[in-house]
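Presented below are the structures under discussion, each in the form of structure tokens.
Two complexes come next, and they have one chain in common, subunit A, joined by subunit B in the first and subunit C in the second.
Showing the complex of A and B:
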């Protein structure tokens, strides 16, 4: 039911060391957001697409559909940046509406373009991580980063329970639909409420049963799972560092030249 | 100028239609990479004290009884699943609950801050809603500010002995609306308008997201009431287990 999760298990890059992938994704993401320039955003987006679709083997159509998820926010947010209501027209475009102008400036358009490209490049970094790394591997990498143990434990449990609960929820959904439970808004709201209630009760019941089962297997506060460790390769780390350096160079070089001359 | 007016009308219709086609007009997650780096860090820092307080309170709860850990985790998964399901909506486009109001009413604001940030991480990585760099800003608006308002209003309503259902409805509604306002202000601070500064920009962002967020807040309020009423009818012992009734005498 969770498309991204399912795809991540099928990725060909799944068995690459998780810390490496995390390092790559986070470093590129940081560089992207800090630089906020078209020069870095375009190569980052392209490289991530090649890595995820080409190397990772995620179907292109799926990847494109996933890129559409943030589209609504992107369009609405960008519209709010570009369009202004003002008494004086700005330089890019202006439509009179009553006493005011619906207007925008060149600088605003340029900023909107930069923001859009940066955001898309950043999303491609997130997708690289999400589509090529299994959640348990990410948690393993976080554990090495000394994130509080309670938090990791909680995340591990929540991740497992998400599937249990959503399976229950979708079963309830199917049976509600088959009884015309979502015929109109009124019944829809009633059905959703009933499902929420049932889900909550089932969740608590499950959690009690699960705790009993865990305790009877000597649970003492930590869940120990064998993590199939895949050795980080030195050449891959070097490649990541080199890539980030090149990106930083692409970003800083023109700025430096500008200030020189 | 009829030509211009026609154009404006067309542009507005296109803009409104976008929300119908848009695949998932989700609750207000600021997307990955949308905020400048400085704001990402600043919002993260603002969240820290709340998160630390939440973590300490959770640690105490777990120390008290280890069974609570599983319970808290199940609650987190519950919030995630509730917020990932499509809810019936007026406009026909699909939308999702935020679950913040419900979480705050059931589990209290300190637990929700930690559960909220975990849910937001999972939403970013598993559903592509929100993002890692905007995690701080989203956590503040959805896991801290919204739940605090919800919880405050809920407590106020129970103290003043207002109608129970109306209190829950108001709490969930206000939590949602407050989240939406905070997110708009966060965006406005990062992108002040060239004509009118931050305030004008905030109004613009509020206006742009209003068509999806206002109906959603009302629906969320109604759903929260329906769920809580259902729970109070069928799940008294379970609610007592999570400390929902607190020191209030059970009705």
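Showing the complex of A and C:
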């Protein structure tokens, strides 16, 4: 979470208009999920990698490590599709285990591969957005899309206070450690609980103080702010539209041909 | 109440008690502030400085007494409060309690938009203040990646962009390193240069003595002593009651006078530099006399 935030501020694509990036990520994601086909997933994954690592300058090793997180879930999830326990061996593989077989079908394997690739491609769309767009810019773009103000204000405050509170939490942690607060499991659990209490009270206090400070700047219940503007470029929008069109073609063309012949 | 154009703030018999507290945070406070002056508020923790500041722009409403800004009592209506908060701005002590947005640009634009500026004007004002307070080098960084001093600069910009008549700084140098403290002090000097009345809470009596036109000593929710730095610091009893020591330059000067190492004058040195200059002047006087 914090790593992604740090990387997004360093991305070379940071100053590309946020609405464009949002449009690109969401449209591609939608295509990926709707089509559920390897034909779209593979190019989407590849293009996102080129954009994030090549153009955005996010280090490849970091990118790979980040992809490992969803990959772990995927492997655990697809294992259930691939591996069956059955009395009859299926067509892909089968290992006898007593009276049963641990076995899998070709269709199951294909299904698992498709799910894996589609999911990874979808995640790569979100990573593209998260790694190349600063949170406040995303909020600015959502504001333009007329997402309800309350939602955006909540996101804005939560985002800011994640960092304030996590700083406080780590300071408390350090001071607990320096007094042997985590020497064993027992004290560890007690310290953790104490930290939770302290953080909760602090969060309340801070929110009161913040409210005072905002009121003193004429806050009236609506947060009005100006986002830093980065002009959208017509050619970039055209490129995005063209790309989505090509993706849709790659997906639909074979289906159409099949239905014709 | 006779109003003089010179008073930008007049507080009359102001009392305030926090809910659930027995003790009064403000207890019949009386105070007048001259327009365009530099006023240092001094006194221990809990002496009522911060509460009084919150009363000055209508965040807290006194239980009794009244506060006039520009000769007009604060009206606790939507419009009245908007008016007062446009005139009196507070830079809070802890920037993390003031900065609500992770984006510096959004943060600074908040106040001016609330005052009803249109987008174009607001953009111009925000850009100007970013340049003026030297925020440009870190304006694209998130709030959580700024240093304490940088956050303080943004906190001051938050208020400055609203063009207040009175700017309140609650211990602006707290937890800053000397370099950033100097920078904040430079910014404060620039504010006074623009004719803004600056009220500053501080525990640094050496700085208050050097900088302020007036020092207000607070104790137990009232004003213990108000006057020029010379007058206030001469009142050792009041200083002691407020838990303060006299400025070191003053003590040194008095000691030098007592020992006859410097000629007696009525002109108090405000800073170490001034005292050194006085000493050097004296030296050349003595040398000149010896030559004759």
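By our rule, the second predicted complex is superposed on the first by the 251 of 261 C-alpha atoms of A that agree within 3 Å, B and C clash if a C-alpha of one lies under 4 Å from a C-alpha of the other, contacts with A are read in each partner's own complex, and residues count from 1 in each chain.
Operating definition for what follows: a contact is a pair of C-beta atoms (placed from the backbone, for glycine too) under 8 Å apart; a residue touches a chain by one contact, two chains touch by 3 or more.
Source: prediction; values computed, not measured.
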item	value
Subunit A as common anchor, with subunit B and subunit C clashing or fitting	fit
Comparison of subunit B and subunit C by subunit A residues contacted	B
Which of subunit B and subunit C A:135 touches, first, second, both or neither	both
Partner chain in contact with A:155 - subunit B first, subunit C second, else both or neither	first
Touched partner set for A:206, first subunit B, second subunit C, both or neither	both
Partner chain in contact with A:4 - subunit B first, subunit C second, else both or neither	first
First, second, both or neither for A:214, with subunit B first and subunit C second	both
Touched partner set for A:118, first subunit B, second subunit C, both or neither	first
Partner chain(s) touched by A:225 [first = subunit B, second = subunit C, both, neither]	second
For subunit A as apex, the angle formed with subunit B and subunit C - C-alpha centres, to the nearest 10 degrees	90
Touching partner for A:74 - first (subunit B), second (subunit C), both, neither	first
Shortest span in Å between Cα atoms of subunit B and of subunit C, once chain A is used as the common reference	10
Subunit B and subunit C footprints on subunit A, overlapping residues	5, 135, 157, 159, 164, 206, 210, 214, 219
Complex contact set, residues of subunit C against subunit A	54, 57, 59, 78, 81-82, 85-86, 89-90, 92, 94, 96-103, 105-107, 109-111, 113-115, 119, 122-123, 126, 140-145, 158-159, 162
List of subunit A residues in touch with subunit C within their complex	5, 9, 134-136, 156-157, 159-160, 163-164, 167, 206, 209-210, 212-220, 223-228
Contacting residues of subunit A [partner subunit B, same complex]	2, 4-5, 26, 29-30, 32-34, 36, 66, 68-77, 79-81, 83-86, 88, 90, 95-97, 102-103, 105, 107-108, 111, 115, 118-123, 125-127, 129-130, 135, 138, 148, 150-151, 153-155, 157-159, 161-162, 164-166, 169, 173, 182, 185, 188-197, 199-201, 203-208, 210-211, 214, 219, 221
In the complex, subunit B residues that touch subunit A	1, 4, 7-8, 15, 18-19, 22-26, 29-37, 40, 55, 58-59, 62, 66-67, 69-78, 80-82, 84-85, 87-90, 102, 114, 118-119, 121-122, 124-129, 131-133, 187, 191, 193-196, 200-201, 204-205, 207-209, 219, 222-223, 225-227, 229-231, 233-235, 238, 241-242
